[in-house]
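Please go over the structures that come below.
Shared between the two complexes below is chain A, which has chain B as its partner in the first and chain C in the second.
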Partner chain A sequence: MKKIFVCTALVLALAGSAFGAPFKLGGTAPLTGGAAIYGMAARNGAQIAVDEINAAGGDITFELRYEDDTHDAEKAVNAYNALKDWGMQVSLGSVTSKPCEATAAENFADRIFALTPSASSAAVTEGKDNVFQMCFVDPNQGSASAQYIAEKKLATKVAVIWKNDDVYSKGIRDTFIEKAPTLGLEIVSDMTFADGNDTDFSVQLTDAQTKGAELVFLPMYYQPASLILAQAQGMGYAPKWFGVDGMDGILTMEGFDKSLAEGVMLLTPFNADSTDPKTVAFVAEYKKRFNEVPNQFAADGYDCVYAFKQALENAKANPDQDADEICPLLIEQFTTMVFNGVTGENVRWSANGEVTKDPKGMVIQNGAYVGLD
Partner chain B sequence: MVFLNFFISGISLGSIYAIIALGYTMVYGIAKMLNFAHGDVIMVGAYVCFYAVARYELPPVLGVLIAMLLCTFLGIIVERLAYKPLRQAPSLAVLITAIGVSYFLQNAALLLWSSNPKVFPSIIGRGAYKLFDGALSVSHVTVLTIVTCLLIMIVLSLFINKTRLGKAMRACSEDKSAAQLMGINVNATISLTFAIGSGLAAVAGALLCSAYPTLMPTTGSLPGIKAFTAAVFGGIGSIPGAFLGGLMLGVIEIFAKAYISSQLSDAVVFAVLIIVLLVKPAGLLGKQVTEKV
Partner chain C sequence: MRRLINLKRVEARRIYLTYFVVIAAYVICQTMSSTKMMSSSMRGMLVPICAYMVMAVSLNLVVGISGELSLGHAGFMSVGAFSGVATAILLQNLLPFAPVRLAIAMISGAVFAALAGFLIGIPVLRLKGDYLAIVTLAFGEIIKSILNNFYLGVDSAGLHFSMLSDTTRLLPGGQLIIRGPMGISRIMKIATFPAGFILVMIALAIVFNLVNSRFGRGFMAIRDDRIAAESIGLDVTKFKLTAFVMSAALAGAAGCLFSLNYSTIVANKFDFNTSILILVFVVLGGQGNMLGSIIAAAALTILPEKLREFSDYRMLLYAVILIMTMLITNNDNIKAFFQNILPGSKAKFQKEESDA
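Let's look at the complex of A and B:
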């Protein structure tokens, strides 16, 4: 009896792989709450990629499942556990940094390979051989921004306003401050705010203005940035503004006066106006389904799924394998392969999970993102 | 000139604290309880005003009136359901309940309106008065906030000191059981206090969000705590004290940020508070009450 059962199971398993059973791909993201704008975008992007791959009907197909973590580390671990019970074989980690630091530790302990679309803090990948990032790690954003400002000669006198109780903001600011002087940029004003006093920015802006800053660097999320832009306009101060990927989302805030963001520059690896055929197709599909232009998070989610497809194909992985069997195969692939996606050409990963790709400069014009180069 | 600019920034921040502190101090002065949910009533008022003005395109004054009306109802309902059953309970229980109400309102707002930040349309525009050829600018919102503050202060003082209801309030504040023996309806008086306090919260919400335009379910909580500090600073229970405390807190915060360190500004603010309370334990304008045993 037992033998028959084992035989049937084997036959079923073989039949399953022959008909291309899907790999179970799971991730956690803030689908509700203040950071939902990022979570929804990443999930939508990933979903498009999964549908395209499944429709093409190759050897590799995916079943995608996202769980809500509301940008909370504890809830992210619960969501991760739900995905593990479901039988997740490859993981998309979490979308935002703080929850991802928590789920990455679980990924490492459980030997489930993870590639996060957008969790950018250095602690996400640190010391974990099976956790990789699709976005730039925070310190790199700081040095890349300084380099971009210097190369394009946008300014020589720069002010920085950053949030001192946020790892994301501090991580970017620290490397920016370190790198800027070596490139001939002068930091004339370096001011902070924290959660409790993030309503009034008159002091920070006056300081930047009186010290003659031509450009203000804002390594922060869009919500305080929107207040800064409004108050600067009230003061009649109009420097160049330079943001980071957290600035993405400012244009979709309900009631936001888009003219305030006119001319704001930001460094992001994705340009929705690019004429690259892959990007054009992705943007068109995203617009059709969700009625908006995809932001960088959506593109990261999309690329993650394609990177997984490439790696699983190269490794000749089989959907019947357990997560811990797939994990070493993927580690080997990701540290050696070169990936071309919508967020960059010739994307490579180092052994510590950090990504190397070229950032693109973007500027907000008439309420939309336009590529600078 | 830069100094004056910082001073004006401080006054505009302080005027917002002051208007929130008025509500805190009035409820404390009469009902003798700290209504920690005050900041969240402010948030509800701001949302109501946001929907009235931005979604239904009503004139701002009407929006504020609707917000006042709804917040007054909200205040009465909260008082009836959460505080009234605890009238005889120790004050610690009421305090904990108030914190509970605060969380309840925040999470209800999260469900109702989601936590995507909304940009509040200013009720009087974003313009500013320019002085000395534009070297100094005072925004219209700041002027409106200060005028509203003064107006509320005068009306409240007159109401409490000159009317029969105000007399009843003062009586309740001094001794609830004696007031009851004199034929004052203590429960109704305290409910009325909450109703007025919540109505004021709606005005504060509209002004807070006109000055600093992002609106989220947690918008009220931090300014609420700062305003509570301002009320204690000025002497909790004293209406002019709340106004003075609010303005001073704002100015100290901005000066600390500008001249000491933008990282340490909150530490400086609270250090000043501790020093004031060490020298004058009842706050700047608070009455030192000695209780007879």
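Let's look at the complex of A and C:
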């Protein structure tokens, strides 16, 4: 009896491996250079998901390959073409916005379906039916933040400090400014900084303080935000602080006094301290392998692979199909399916490729993120 | 044509060989590409390689022929790229036929880059040697930061410019073409390999004709001995400026071709590193040697892509290969070795030496 069981298991295993050739999943990311921190995180996240899926041994397995694009559009297209020669069937686009604009045009021309983990500019998906995003498009974060502040009645007089040479910061700020007045919020101060003058914020903070802002909105990454928090405390200004997903990571920043971030609110799709079992497992595995807490890029990469798995399963796609055969199947799935991942529950995509998921309101209490709702 | 006949035999042979190699390479690549024998990776690099070849040839005119070290060549490439792409976008509805639009865009890129070259050349070319190198480097950075803060929009009332922040206030239906640090998006890809080939041929024709004219002899006379050249009445600034402006114009056309091959372009792409990359093409190919520049541009563009299988060590290997090439091609023992196994070349080498 035992022998028969072993034999059946072997046959099944063989059949499984013969049947389940992997789907070739490729993406480009800055793995070297200044933006490498984002590229590495997204790749690591995706790799964990691929290993988990392959270890579970279902019908859908993946072979993942990331190529370096050094955050440059020309190199990204070269990397994309190298992946195409390798036989990429489904694409993870590019990690950063500008390179992804260039590769998305190639994806569209070649009919290879793409789901980018983190390229958030609107031009990435615009006019392309087979390019989708896992992260919020920048403008959506601005309007979601305005809505959240108004609905929760956090403040009526708001100041904005933003970085005017950064696509991400500008995208969020523009829609925030546009949306805020319609919701009864008053923008009393709107101040900028740029690369090179991002260490002294006293002018911006004084302006916000004298104009009586109750809440300061910070659409930026966490490095300048940490300086703003420290300098505001130095001048005795204590408004409510509100950030977006770029603020995620401030607590793990080296040399940052966590007490400064006490009471900071942020809207982010991913929270590494969540008690949700999926997130706990992902964070534990990431810490084990890479010795650091995963950021939002890693979580987006992880979710992309699982979203692909779900869509390919539902569409009953098989790995022998060419990229242009898989593409229409995936477009149909992504515009209809609902996905639950570590960056959000009830994630849906619209036909233009933008994602809708509920941003989670978080507040920092005692040095940890706590849900606001 | 008469000018070519009057040339020294060796020189004429070198020019015809260059044209021949470029045409042969084009025919081979075009056949391989249309019969699908070429990988997508190679096919994707054809247009950028053409653009880099033109960049290398044009910089060689300044560095090799007129002997001025310029470290800001990518600046002219970016002026050409931004003005050319903006022209292409403005003409999108007026001129549906893409090749004509591409040609006009490249001409516009060349004109704007030549203008930039002229304005920069007036103060810069009074300097020489290291000073000139440093000032051209600074101008390259200035061009980059101007374009990083430049906004250009179009609406029914016409063109609108603004600096630092977007204050163009476009009417409804208007389109913001250049968006400061975000560069240009939604570019229609109209650059083609045949167009790139034609541009390379035009660049070669211009440079060879210029070099073998009265101007070319003037460039070289100034390069070899500035004081002697001045003493026989050559207007040094005029000669230098001609070479500089011509080189800037070709770089502008190349920049336009390059950026019309991608759907997005940002000013930061054309930074100091790009200038140095082009200088490497020139130095590796040999100063004053156009064929060498062309081959070096193609080889150094393809090389990092062919090294992708070494993943993390890719750029390290690239650097090692570059250093090795420089050392080996300048090693007398190795040169002698090749001359021994190729007896014909020894005689030719010596003949060329005595010619020179």
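Rule of thumb we're sticking to: the second predicted complex is superposed on the first by the 299 of 373 C-alpha atoms of A that agree within 3 Å, B and C clash if a C-alpha of one lies under 4 Å from a C-alpha of the other, contacts with A are read in each partner's own complex, and residues count from 1 in each chain.
Convention: contacts are C-beta pairs under 8 Å (C-beta built on N, C-alpha and C of every residue); 3 or more make two chains touch, one makes a residue touch a chain.
Keep in mind that what you see is a predicted model, and the values were worked out from it rather than measured.
Engineer: Let me test your reading of the model: by the given contact rule, A:S226 touches which partner, first (chain B), second (chain C), both or neither?
Structural biologist: A:S226 sits against chain B, while chain C stays out of touch.
Engineer: A:K98 contacts which: chain B (first), chain C (second), both, neither?
Structural biologist: It touches chain C, and chain B stays clear.
Engineer: Does chain B (first) or chain C (second) touch A:N164, or do both, or does neither?
Structural biologist: A:N164 contacts both chain B and chain C.
Engineer: Determine, under the contact definition given at the top, whether A:D257 touches first (chain B), second (chain C), both, or neither.
Structural biologist: A:D257 contacts chain B only, not chain C.
Engineer: Which partner does A:A21 contact after superposing on A: first (chain B), second (chain C), both, neither?
Structural biologist: Once the two structures are laid over each other on A, A:A21 reaches no partner at all.
Engineer: Would you check which partner chain A:T32 touches, where first means chain B only, second means chain C only, and both and neither mean what they say?
Structural biologist: Both chain B and chain C are touched by A:T32.
Engineer: Between chain B (first) and chain C (second), which does A:V280 come into contact with in this model arrangement: first, second, both, or neither?
Structural biologist: It touches nothing on chain B or chain C.
Engineer: After superposition on the shared chain, which partner residues are touched by A:D68: those of chain B (first), chain C (second), both, or neither?
Structural biologist: A:D68: touches chain C, not chain B.
Engineer: Looking at the overlay, what does A:G234 touch: chain B (first), chain C (second), both, or neither?
Structural biologist: The first partner, chain B, only.
Engineer: Need the overlap of the two footprints on chain A, from chain B and from chain C, as residue ranges.
Structural biologist: Shared contact residues on chain A: 32, 164.
Engineer: Under the stated contact criterion, what part of chain C meets chain A in this complex?
Structural biologist: 39-41, 43-45, 48, 148, 165, 180-183, 185-186, 189, 258, 262-266, 269, 305, 308, 311-312, 314-315
Engineer: Which stretch or stretches of chain B touch chain A in the complex?
Structural biologist: 2, 5-6, 9, 12-13, 50, 54, 110, 114-121, 126, 128, 134, 137, 139, 211-214, 216, 222-223, 226, 253-254, 257-258, 262-263, 265-266
Engineer: Quick check: in the complex, which residue numbers of chain A touch chain B?
Structural biologist: It comes out as residues 32-34, 36-37, 164, 191-197, 199-200, 202-204, 206-207, 210, 223, 226-227, 230, 233-236, 253-257.
Engineer: What residues on chain A touch chain C, complex-wise?
Structural biologist: 31-32, 67-68, 72-74, 77-82, 84-85, 98, 101-102, 104-105, 121, 123, 126-127, 164-167, 170
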